[in-house]
Amino acid sequence: MKKETGILVSVVMGSDSDLPIMKEAVNILKEFGIPHEVLLTSAHRSPERTSSFAGEAAERGVKVIIVGAGAAAHLAGVIASQTHLPVIGVPIDATSLGGLDALLSTVQMPGGIPVATMAIGKAGARNAAIMAVRILALKDDGLREKLNDYVANMAKEIEKKQKNLN
Amino acid sequence: MKKETGILVSVVMGSDSDLPIMKEAVNILKEFGIPHEVLLTSAHRSPERTSSFAGEAAERGVKVIIVGAGAAAHLAGVIASQTHLPVIGVPIDATSLGGLDALLSTVQMPGGIPVATMAIGKAGARNAAIMAVRILALKDDGLREKLNDYVANMAKEIEKKQKNLN
Amino acid sequence: MKKETGILVSVVMGSDSDLPIMKEAVNILKEFGIPHEVLLTSAHRSPERTSSFAGEAAERGVKVIIVGAGAAAHLAGVIASQTHLPVIGVPIDATSLGGLDALLSTVQMPGGIPVATMAIGKAGARNAAIMAVRILALKDDGLREKLNDYVANMAKEIEKKQKNLN
Amino acid sequence: MKKETGILVSVVMGSDSDLPIMKEAVNILKEFGIPHEVLLTSAHRSPERTSSFAGEAAERGVKVIIVGAGAAAHLAGVIASQTHLPVIGVPIDATSLGGLDALLSTVQMPGGIPVATMAIGKAGARNAAIMAVRILALKDDGLREKLNDYVANMAKEIEKKQKNLN
Amino acid sequence: MKKETGILVSVVMGSDSDLPIMKEAVNILKEFGIPHEVLLTSAHRSPERTSSFAGEAAERGVKVIIVGAGAAAHLAGVIASQTHLPVIGVPIDATSLGGLDALLSTVQMPGGIPVATMAIGKAGARNAAIMAVRILALKDDGLREKLNDYVANMAKEIEKKQKNLN
Amino acid sequence: MKKETGILVSVVMGSDSDLPIMKEAVNILKEFGIPHEVLLTSAHRSPERTSSFAGEAAERGVKVIIVGAGAAAHLAGVIASQTHLPVIGVPIDATSLGGLDALLSTVQMPGGIPVATMAIGKAGARNAAIMAVRILALKDDGLREKLNDYVANMAKEIEKKQKNLN
Amino acid sequence: MKKETGILVSVVMGSDSDLPIMKEAVNILKEFGIPHEVLLTSAHRSPERTSSFAGEAAERGVKVIIVGAGAAAHLAGVIASQTHLPVIGVPIDATSLGGLDALLSTVQMPGGIPVATMAIGKAGARNAAIMAVRILALKDDGLREKLNDYVANMAKEIEKKQKNLN
Amino acid sequence: MKKETGILVSVVMGSDSDLPIMKEAVNILKEFGIPHEVLLTSAHRSPERTSSFAGEAAERGVKVIIVGAGAAAHLAGVIASQTHLPVIGVPIDATSLGGLDALLSTVQMPGGIPVATMAIGKAGARNAAIMAVRILALKDDGLREKLNDYVANMAKEIEKKQKNLN
């Protein structure tokens, strides 16, 4: 496992076919200048690797874990059960059911072990990163300002697009 | 973990609230005289207990594992990823979604790690036990005969009920 | 709006009929000793009250906002769009659709404004509080220990119940 | 915000990617000669802009507001909560769930604040405009006649197509 | 058909078993002092009665038609195809599918003939009446004021309930 | 309406965009030599044309009516309510919901007026024609033989394809 | 199998727990004076009994087969594949999925073997019998008149209920 | 039917259009060196062929039957009702409903006759073969070792892909 000093957010996914979706999270983290890592591990095909990662993340200094998975998406829940860090789940549309399977497998966690579930797909991946930023910004004033700018920019973007409409 | 000699089938569930459903499996196993055990372990609330169970089941002599779980039902998949035994999953209707969440979380396993999924609820629990019997009967002629009797009885039962209808 | 000093978590809901569900979150927060408040405000029936709350929460010292809502559950998203704090959404089963409407209205947020969505109903309310604790524990070692105890207790609870089964 | 005199219908959407769908509404409004405007504003990314629009629409002389939105489509409900004008919602198929998320987020409004929901997508956008015409025609005899002609033409169109079939 | 002078809103339903739901609409109309009628007619079991009603409603002075129906809920669409008045549909949960059948049968109208669809069940019935009021208030200042009071009261109600919570 | 002598089956559809699907029914009817007609009429856009057709079909000698429609598919139910002939419905996948809307709108008819619903799309259109043949064959021995041949051919076809597999 | 002379309609079901639903069909058949039989046979638990029934029904003089089944409702399709008679399927709500499983298992028949599917549950059972009557009435003028009376009575019933409303 | 000596697994499908999916199962069986056959038979279009196959499979020495089918997927259940061998079902996405119809038709088997259901589509086909291997490995140590290697390779594959990511 890639051990960089100062990593704050781990972006984990179950298959490299999830990368085009999870890149959206990575790009936001880059935009906000958050040190992060990208990890591949499967709840089912590499359970030990998943356990090691989950068990060691906190002591490696990671603060938030973002997990993308499709189908019977167990990865976020399995990681959440082995760490006390906040885990954010991104359901991925990887089967013929439009991601409903991944959504329900991620969000319907039984009481005790939460997964903070985002929307299915790219919007969810982007929002996972922003949620991580919101959490980190609780003790980082610089980040909070960047977040305010980001939000302000979204509103300005809409006004700009309105002008192009007219 | 209850270690009886000769246990062939483990009936595992994530919560004792699943017991009224999984009892249906236990009753069938009793009816067929299959040595079995009933275990409580959660994918999320007791991940280490789950891993120990899954990792040791085969060497303890268990041949088939039946797993009942509701909501984001990860337990069957998590066990299946840590044993080479056939794992049979019973989705349980434990939330407001009628068991659709448990069904999709159990059945939509990604390629590599199969869970033999049964119907939601009691019918599924009964069938899980019968599927275990079908598997064990492959090398047990006595069991195969009992299975044939069981099936023949179901047909006779229908004819009896027909008579009551008339 | 009830302004207590030191409130860290706001538990917000759209209707007092949501209280039996959201009480589950409140109880967990009490168990962990987290200063909190319970607020009633509706995205649709009291939009100004909702905006004031969302706009002022951060400066009042609130760190995490938990929002429960049913039907076309807009409340979490509407609050999330007016604060930079992490917002956790609990979909409530308040219509004939089993909470699927509330789940999709809460989780399918478009890119830019995340809502950390939990399971539908009581399990989700409990997990919302635990997610809040996980976030707060990032900078509170005492809380992290309580969290570890909580998790350890869940595992012990299962072993105790196993004994009762046997 | 584009302030034209005499605007009767506002066609509002959350993202410029919704324009190809909402154009269908605009075209019908043009066909019926209804003065209208096209506005871009998001419930989540520009909440203040949305509030200003909703709060001022009635006094600007707008009579009906048509709102298109996808995913967790909160825009129509949020606008409806800040105006007494009739609001017509068009759910847009913008995610992997075929628009079911947008439909439920738009239609399942809690009691008190209605959104007149149309079909998902282009048919819904067309019908939103015709519904606006039906409302405006209540006090405009000329419009009622155009509406009657429009309906009569649909029936004639079918007879014409029948001839081409034969 | 009950022909009262001055009726502005018809509340139509396909079966008298829908009355407990549609009463919610009637009560709101009474609260706002809107002259209304309650009619029973089925798209399938009394098609001619339905056609007569739909064809004559406008000339009888009716301004808005509210239609409640369950199962394959065709009634709102069938009426909308035979009048130029705005038709508001209330899907009713009358089968084992939780009203999803009635919702889709009501809302997914093809382009040309709109039905302004409300939420499934009682909330939808209430909102149908309020939508009717919103439409009628476009040319009735007294009604608009009542509507503003109604909305203001909802917000006050929430503040009152907050006090009871504390 | 095309009035041919001896027409036994009417194939009706709500839009000419349904023709590629309904052609499958027409082809089967041709294959069995059943005199038939193809009609375009909409429940909503041409309600009078639909009523005339439904009301006169029986006296024109038609025996079975096949109806294809998509979205809020009311056409089959509306026709069934105005004739005593057997009506067979084919739900068409014409929206973003995969035909689930058309299926539920067609099949969930309230007690009293049945629509014999087939599968969504081409398989359903084919089966609608075969169902019509099964009904007509009740009093036509020649047709029954053709039907037996048709069924026998399907089985032979499978054996032929098996040979190609090997 | 109960072999009465002159039986025209077989009402078949997979389990005696389906009887309360299928009674609705039987009652309608009695009302119309159609000679009928009630049979219990399961696609899965008594496959041979099912095959014998399906294979012999036509030569026993049966004209229409009504089949009720729940869960993975294969019975109607399995019977339809072994007879050339029209088979009418009634999906029964027998699991936690509200009958959606039975509906899809009954209606989504592949091309070649149709099942005329009715609504889920009691309304569907009633309509199955009326559909059988519609088919039999094609060559029975007396039955057609009864059918016309039945339909006329439904309309009168609505007018009577209207009077009670006023 | 292709009668090879020593066949252990039958891969059965209802249509040759299912072959591209079921090839995934065949390839895994080849990889593990399991003697197998590929058979085409339909529950509905060739019911006798299906019965002969199911009835004779066990005495031909087959140990496990894998069945792929789409739409109202009855084939696995029908076969399971006529053999005491374990039957594994693969739902195939063959209609506009994304395979949900095939999944429910396969998995929701009533108590008594189990079908071990896999995920929809290719992942399910692969897993069906692996489940067959897990069952056969219960009495074949060589196979168990291959299975362990297979699982170990999946984990290694992930580590390899991780390196390519970095």
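The letters A, B, C, D, E, F, G and H name the chains in turn, as written, and every chain counts its residues from 1.
Please note the rule applied: a contact is a pair of C-beta atoms (placed from the backbone, for glycine too) under 8 Å apart; a residue touches a chain by one contact, two chains touch by 3 or more.
From a predicted model like this one, the values you see are computed outputs, not experimental measurements.
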Where the contacts of subunit E and subunit F overlap, which chains show up? D, G
Look at the interfaces B-H and E-G and say which one is made up of more C-beta pairs in contact. B-H
So the centre of each chain is just the mean of its C-alpha atoms; given that, what is the distance between subunit D and subunit G in Å? 44
Chain centre separation in whole Å, for subunit G relative to subunit A (CA means): 52
Could you put a whole-Å number on the gap between the CA centroids of subunit F and subunit H? 35
CA centroid of subunit A to CA centroid of subunit F, Å: 50
For subunit H, which residues are shared contacts with two or more other chains? 42, 45, 71-72, 95, 97-98, 100, 107-110, 112-113, 119-120, 123, 151, 154
Full set of chain pairs in contact is A-B, A-C, A-D, A-H, B-C, B-G, B-H, C-D, C-E, D-E, D-F, E-F, E-G, F-G, F-H, G-H
Counting only contacts in the complex, subunit E reaches subunit D at residues 24, 63, 84-86, 88, 103, 107-120, 122-123, 126-128, 130-131, 134-135, 137-139, 144, 147-148, 151, 154
Residues on subunit E engaged by subunit G in the complex (per definition of touch): 1-2, 16, 19, 38-42, 45-46, 48-49, 71-72, 95-98
Mind pulling up the subunit E residues that touch subunit F in the complex? 14-15, 42-45, 47, 51, 70-72, 74, 77-78, 80-82, 94-95, 97, 100-101, 104-110, 112-113
For the complex, give me every residue of subunit D touching subunit F. 93, 98-100, 119-121, 123, 151, 154-155, 157-159, 161-162, 164-166
